[in-house]
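I've put the structures underneath this note.
Look for subunit A in each of the two complexes below; its partner is subunit B in the first and subunit C in the second.
Now for the complex of A and B:
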């Protein structure tokens, strides 16, 4: 872990690496270096992209993309410390112009995660082959996981407006 | 056979047949389906009450809505309900289909199920125990006896309004109406 930390700090500028716990590394990187850091981590053996997640920092007017990586078991049924390690790569992109590059070229399983983030946060991943709806059935003016999406107002406008069905004698 | 019910059997054999052969369609929505495997297997044997799960909606006449209903699930619920042969009964299971439950201000969960399809009975609770399913089933027997479990008749009668509610949520629906909808100037359906 320490070796990897030095390697990353030497190779890239504008990168802050923390090791809060012995098996966890947090890398805060600028958005230009994300692809090359992911490429380096994959060649170091952290070849499993566990999750891509997104955080909406409304006051900073930024979205934070979080990539969580871990390693596969190398030899059969032999654990070493590397399998217990998690690497968290964070980067921030602007909220006004939510665009980023897809990482499918490095991790193929990023495809559904990026579709989900596109659907719930409205981030446009350039180079993604199909950014079609994944979970949601309706169309939303503001993507529903953004902080400025008012769920209560939305529910009042949509679900509460639909009337109960009543019989002709007025009973429900 | 219970001798006290002999008169009922002679008077309305069809109704008694419906009562004791409730076939539940295997349709899982939300978390409540976790209560169904124990209630149909050896621990709480549902077949004592004549309740049996079946594979397809074409063979079923009881529909348990188990848990919260998201907008996407509601579409398949409507399709499943319309495929079931009459007479058919619906029971909402858990507090979420009743009024939204903990999802009452969720962006993608519908709040009142009975705006979209008719519901004959509700089981409150989060989660209801398997015993509550059998309380609901025995209660449904009473309703069938008294001709009060008439959700499917209501659906046929007020289909125009149900369909309008469904279209309010989805825009244009992908399948044609189940029953003919008359024009606005015509008489009520």
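Now for the complex of A and C:
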């Protein structure tokens, strides 16, 4: 991990690398360097993209995209310390202009994750082949996983208008 | 689209489909040209709702993410909270957790076997599997009070110790299930029909599996013994010796055989864990759940559910509620990336076969 930390710090500027535990590494990167860092990590053996997540930091007016990587085994039967390691790569993008680049060219399984984030946070991934709705069927004014989306208010607005089913004698 | 092509909707209500999930197939004759997965029939927005509830209140929700095996979801959420809040777990609780999770794995695999055997037309085997799963649910009912959703694992340990005589009950139940393994083998696993129907169906190579982020049986069927219980041991999985079953071919036949081998391995592991189980406390006190504030931080934890790598990314912002939770469920890449790719050029008759052998549960994808 220490070698990798040095390597990343040397190769890129605008990057902060922390190792809070022996097998966890947190990389805070500028948004322009994410693709090249992911490329480097993949060539270093961290070829398993476990998750792409998104956090809405409403007060900072920023979205944080989180890429979590780990390593598959080199040999089919031998375990080593490398698989214990998890790398968390974080980058922040502006909330007013939510745009980012897709990483499908590096990790094929990024496709559904980016589609989900597009749907729930409204982030536009440039170069993504199909940013069509994945889960939702209704139109939302605010993407529903953003912090300013009020679930209770939404339910009241949408479902309060639907009348109760009444019996023939008019009682509810 | 040429005149010979046809769009076919497969699911969410279909005989060959388990769970509320649908696939849009573009077919020419019997051959599939393109498959598009359509999740969302079951999306409950749990991750958003969890941001509005306290750390402890979220437990009834996490276990409903995977309906078939809710226990590993409790485990992963507890692991996340424990890591953020720095809570230790007593030694005995680690053993109880492992035994409990392995029982859940056997139950989940029996459910999977039910689905698979039912789909292939082996109704008898399916009924046996369902019956044997029910015996395990009886154990859960005695231990926790609930049959399907247990909420037994909590931050700091487990909710209560095993009742008197419970260890013997586990051993007896597992013996009565294990004594039927020769029957299962004779009727199903060594059956020529199963071989003909599953061999070389839904084949993926190890390279493809790695590129698509596959874990669990889908990856182990290609030869790699990748299992989080071995790779990054949690609970008491590093305390007893055990082996990870794997196969080389990467097809439906291998994946279903791995399910069988894993059940047997889990049963042996439970016996070893029961023998080694130490005495002591099962629960470390946590702060008052109504006023429990967890300091700012983030954590990624992972464990091995019965379907593959289960992960949780959780962020706390000095609050009594999580700021963000995101589950990495194993069915997500299997159902949305692997399935679409494997279905290309397959036959319509094999859709259910491929889907169930990949061990996809829809509620895990939808969350």
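Here, the second predicted complex is superposed on the first by the 171 of 172 C-alpha atoms of A that agree within 3 Å, B and C clash if a C-alpha of one lies under 4 Å from a C-alpha of the other, contacts with A are read in each partner's own complex, and residues count from 1 in each chain.
To be clear about the criterion, contacts are C-beta pairs under 8 Å (C-beta built on N, C-alpha and C of every residue); 3 or more make two chains touch, one makes a residue touch a chain.
This one's a predicted model, so the numbers in the text were calculated from it and none came from an experiment.
With both structures placed on the common chain, the touch criterion links A:107 to subunit C but leaves subunit B unconnected. When the two structures are aligned on the shared chain, A:148 is found in touch with neither subunit B nor subunit C. Of the two partner chains placed by the overlay, only subunit B lies in contact with A:162; subunit C stays clear of it. In the superposition on chain A, A:66 makes contact with subunit C only, while subunit B stays out of contact range.
In the superposition on chain A, A:136 makes contact with both subunit B and subunit C.
Ranked by how many residues of subunit A each touches, subunit B and subunit C are led by C. Of the two partner chains, subunit C is the only one that A:55 touches; subunit B does not reach it. Residue contacts after overlaying the shared chain place A:83 against subunit C, while subunit B stays out of touching range. Judged by the touch definition given at the top, the superposed model places A:13 against neither subunit B nor subunit C. The intersection of subunit A residues touching subunit B with those touching subunit C, taken from the two complexes, comprises 135-137, 144, 149, 151. Contact residues on subunit A toward subunit B in their complex (touch as defined above): 135-138, 140, 144, 149, 151-152, 154-155, 158-168, 172.
Partner subunit A is touched in their complex by these residues of subunit C: 39-40, 43, 45, 47-49, 52, 210-213, 223-226, 230-232, 246, 298, 300, 302, 309, 311, 313, 315, 323-324, 326, 328, 332-333, 336-337, 366.
Residues of subunit B that touch subunit A in their complex: 70-72, 75, 100, 104-108, 110-112, 114-115, 118, 154, 157-158, 161-162, 165, 168-170, 188.
Those residues of subunit A whose C-beta lies close enough to touch subunit C in the complex are 23-24, 47-51, 53, 55-56, 66, 68, 72-73, 76-77, 79, 83-84, 86, 88, 107-109, 111-112, 133-137, 144-145, 149, 151.
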